[in-house]
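For reference, the structures are reproduced in the following blocks.
In what follows, chain A forms one complex with chain B and a second complex with chain C.
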Partner chain A sequence: MLRHLFKLIWNKKGTHSLLIIEVWAAFMVLFGVLTLIVFNLRNYLQPIGFQYEQVWNLELSSNQDTTELAPKLQRALQRVRAYPEVITASRMSSNTPFSANQIGNSVTYNKVNVGGDFYYTDTELAKVLDLPLKKGRWYAESDLAGKFIPIVINQAMEDKLFQNESGLNKVIKRDDKTMYKVVGIVDRFKAKGQFMSDTPGLFQILEKNDRWNSNILIKTKPGTDAHFEARLVKDIAMLLPGWGVEVGYLKDSRKNRENLTLVPVLIFLIVSGFLLTNVALGLFGVLNLNIAKRKGEIGLRRAMGATESKVTGQFLGEIWVLATFSLIIGLIFAVQFPLMNVFDLDKEIYIIAILAAVAVIYIIVTICAWFPSKQAATIHPAVALHEE
Partner chain B sequence: MLSNYIKIAWKVLLRHPFYTFITLFGITLTLTVLMVVTSFVDHLFGAHYPENKRGRSLYIANIVQTDSANTTMSSGPASFDFLTKYAKSIKSAERVAIMSNFSFSNAYTNGKRIKLNTKYTDVDFWSVTDFEFLEGKPYDETNIRNADHVAVITDALREQYFGNDAETVVGKTIDIENINYRVIGVVKGSPPTRVYTYSDVYFPYTAPKSNYENKGIRGRFAAIVLTKSPADLPEVQAEFDSYVARIPRSEYSDNNHFNVLIVKADTYFDHFLNTFARNDKDRITLYVIVGLVFLMIMGLPAVNLVNVNVSRILERASEIGVRKAFGAPSKALLWQFIIENVFITFIGGAFALILTLVVIHFINSSGWIAYADLTINLPVFLVSVLVCLVFGLLSGVLPAFRMSKLKIAEALKV
Partner chain C sequence: MIKLQNVEKVYRTSSIETLALNNINIDVKKGEFVSIMGPSGCGKSTLLNIIGLLDAPSKGQIEIDGSPVERYTDKHLAELRNRKLGFIFQSFHLINDLSVIDNVEIPLLYRNTSAKQRRELAQAALEKVGLSNRMKHFPKQLSGGQKQRVAIARAIVGNPEIILADEPTGNLDSAMGNEILGILQKLNSDGATIVMVTHDEAMAKKTDRLIRLFDGTQVS
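Now for the complex of A and B:
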């Protein structure tokens, strides 16, 4: 049966070549869009790992002031913590959650080198962001007395750096001068929002006299509003004359951040949706015409005793074989992506995208072939043969 | 002859509404997508308010420090000092404006927070750009010299901060981060997609917190060099390049980290391209990707149309047979079908134009981009017509070729 179908299609390869090209192109478009969707959806399904609803980001910039920056920053932090509206506050490097800034570096353990995001913060960050620790504890002031700089890493970092071992209390190296000791491990910290992939990350304690990292994350009590914000900005601006003071809500920056991912995906989705509708309609039209042209053949088969479902089955089989032809060509292109590791994406993403694209193509061609062949199959043999 | 072909095409269209629908649906959607994209590209790169003189402007916005082996690289905006030394001094230019990239701030009024973008500019900024002043005037050299706390705000901020019913706001003060600025002018705002001119508040660069005093070559400023005419662009570029070539290495090497300095005065489009693709290889990759995406968007519906048309050959078989039997050459038939196709494409194009207007209106009014001013202007329209033609030919040639090749006997048999 299958061989017969192949022969039928091969005999008309001239007319079918266009159909094959069309299905192939549709498959390639689908593959591209689905890769994008699968990649983002997989990230979206992983929780971001911390709480941000009540957290504000106070950004200070010293501008032309160059004297005594560290004590001034300490004073600002003390002032912020003193407000009754503030639950707790923590200093952090400029790569605060959902910001566009990134600080990357790499660490080595047993010759394994892993790059990741570096976050410089103080001892309060875990409380401000409700970042639960999986193992160990968050670093404290007393850790600074030790020989190594205390750090907290995330699960992804532990997996990559220590393979199957536990990373707790291990000493790792950044460069010849800097050695770290892992005091705690958090589960996830997707600082760039829901759509970020869970990449390795590391928190390093800020030294007391640090003067470069001038962001303060503030966890406010529920119900705190812009009145307090205005007061805060005014007070800090008085405390630090000449400095830039800016307050942002993490939940606002999260929305902005995620829109950066969502809007392009949405545009692609709409455009490719239209493209596929277009293809489906065209396919339907072409198959309708082609099948209508073969009334004589249908009549003959019906007269010889083929049932309606058998005739329908034949047409569906034909279109499936045709789709398979194009999909094989499409797959030759598509498998290059996981094989050559294009864009450094997980292989799994490509494979899911390929499978989904194949499924969608089969569904589309089946629907497009179903109605015309169903219609054709109901024709009475006498009528069909009479026309001939 | 032409009108005859078109008449026939029209009759064919009316004969099978379903197939006409498929055809027009495909054409309309494809062309709509392309027209909206063209309009958006025009919005991004064309000369529009307030950068109406983009055609003869050069942008200096990015400094790249690297080494000859390309192992380390650092890039970012320039410092005020750098631009004053090397851009302001360009003699062949008409004017040079220096402005900071926008930064963020907040203002508070009646327990409400207003998010602000701020920008520090020099006086020339107001002559290089074409901001429309609804009230007041821009700051001048005296304001700069005295380091006055003055500001030019946009109409949107005026409404948010002072309310709707304020008659005139010039002379009133606005409190931003605990500093009172006197409002000196109100301009019609510009969309945030024009990053070098977009802001909510404009300060003279001597106002507090602009950091224009910083030494070194990197900072947060950019410059727009206005030339006298578009023909002068290469000359000005050459002059700027010669200045850059003379910068001593000690100024940019950063303790011998870097030995190569790349700063270019580019037209807006080149400048934009350079932020994505630094070398020729990247640029080719970028073009290939964009080309492929367009090929897909246009190619898929075109193949679809060809497919439908080819399948419908037999519908027209008797007509072709009769015409051939009466001596019409293949060429005449070929032309007939191509013209028919182009005609149908133009009908689709007309629908697409209407649909595009709707989509653009939707984008403009959705607030997705503040002050969005997407339009279908003459260049966009001409590109669209061209696209229609290409699309019509693309989808028409093969079916026409096939139809004209039909044998007389075969055609008449059906």
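Now for the complex of A and C:
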């Protein structure tokens, strides 16, 4: 029977070509959207790697002030740490968690070059963000006395840079003048939020006289409220006259950041939803028309021994065969993505998206074909034969 | 072989009730070639549809091969149509998107027959009707007579005991009609029981028995 259906559809390929293209286009759009969804969902299911609930971001900007910035920043940090509401605080570069800022660079080890996010922080960041170390330790100020700049890397960086070796205590190079020593390895640090993929990252110690990195992450005690925030802003503004002082909560930044990821996905979903609805309605219409035009054939098949269920099965089978033609063409395009490693995504993401898109297409065509096929089966054979 | 007792067929709509067949009693013996004649609208095709289990009577009983079929399920009826009956229609009812041989194979699709066996049986049926050289052609490439021969091949491919022909020569010229009748007579002489609806008195006279209908009633 399957062979018969393939033959029937193949012989009518000219008539069905637009339908085949329509299903193919729906598959391609669905594949794209599902890749995006699978990519984000996989990221979402991976832990973020740090705690942010009680963490505030104090953003300082020196504005017109250009004198003694480093000591002023150190004083501000000491002041913040002195509050009883504060558990600890750490200076950090502008690419604080969930911010839109990014600092990227690459490092080399044994001719393997890996790009990643660079975070400039002091010795307290691990405590502020409860960032657990898998290996080694967080850098200390005493490390600055060493020959190499101490850094902590994440697991993704270790995996890519050192592959099967351990990265601990290894010396890596940023450029001819800058050499790092890995003193610790953390598991994950998804600074851009839950939907960020676990990309290579590196934490570098801030020098004492650093004047550029003016964010302070503050871990507050539970229950610390806006009264403290107001006091903090007022005190720091008095300590650093003329400076801009702004406080943000990391949990709010996280929500904003995740919305930025979710909105495009939602837009794509809505657009593809419309497209799929159009395809479904188109298919439904075409099948209804097709069945109306093929009443004689239905009557003939019933006369030749087809049961009602066989007639339903035939029309469902035809649409599956048609969808299979479309999907074969679609798969030729879709498999290029994992094969050619497009967008540097895991092959698994593409494979899941392909399988899900194939399943959705089959489900849609089945739903669309079910009603007309059932209708076809209930046409009385004598009536069907008479109507041609 | 085919027995109809007190068969009545009424078509009902919300406002009209039409009596299409009234008190029909027919007994067709195995190996008989029976023709049904009558003016247009007298119920010939309705009767053939009832004999062919494509339609159910409003009243009365039908027996095929001694078994009453009223309580048969859709599956049983389909199986009976597939195994015992072969249909030939005035308008051929060939599927234009399938080749001649694929059209002939259709009844065998509803049996457990292998693809190879289907092909062999279809080829043999086409040889019987003299169309073995047109197997790969499509219906649109054939003349009316050739189309009807394909339809006959399709009707006999499953080796049914009964062939039901609804005006098989109605769309053909007389020469072609005689040719088709010749094939049917040959099938009858080979053992098939044939019931043929026709308008053509001359054709009907060449069959073993004639049943006449008028206004839904059997007159002879």
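The rule we apply is simple: the second predicted complex is superposed on the first by the 375 of 388 C-alpha atoms of A that agree within 3 Å, B and C clash if a C-alpha of one lies under 4 Å from a C-alpha of the other, contacts with A are read in each partner's own complex, and residues count from 1 in each chain.
FYI, contacts are C-beta pairs under 8 Å (C-beta built on N, C-alpha and C of every residue); 3 or more make two chains touch, one makes a residue touch a chain.
A quick note: this is a predicted structure, and the numbers were derived from the prediction, not measured.
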First (chain B), second (chain C), both or neither touched by A:Glu85: neither
Chain B versus chain C as contact partner of A:Asp187, first or second or both or neither: neither
Partner chain(s) touched by A:Ala303 [first = chain B, second = chain C, both, neither]: second
Which of chain B and chain C A:Asp159 touches, first, second, both or neither: neither
Touched partner set for A:Met28, first chain B, second chain C, both or neither: first
Dominant toucher of chain A (residue count), chain B or chain C: B
Which superposed partner A:Met238 touches (first chain B, second chain C, both, neither): first
Partner chain(s) touched by A:Asp225 [first = chain B, second = chain C, both, neither]: first
Overlap of the chain B and chain C footprints on chain A, listed as residue numbers: none
Contact set on chain A toward chain C in their complex: 1, 3-4, 7-8, 11-12, 296-297, 299-308, 310, 380-382, 385-386, 388
Residues on chain B engaged by chain A in the complex (per definition of touch): 18-19, 21-22, 25-26, 29-30, 33, 103-106, 108, 111-113, 177-179, 208-209, 211, 213, 296-297, 299-301, 303-308, 310-312, 314
Residues on chain A engaged by chain B in the complex (per definition of touch): 15, 18-19, 21-22, 25-26, 28-29, 59, 61, 63-64, 225-227, 229-230, 233-234, 237-238, 242-248, 271, 274-275, 277-279, 281-286, 289-290, 293
Of chain C, residues touching chain A in the complex: 45-46, 49, 52, 54-55, 74-75, 78-79, 81-83, 85, 87, 89, 91, 93, 95, 97-98, 102, 105-107, 109-111, 115, 154, 158
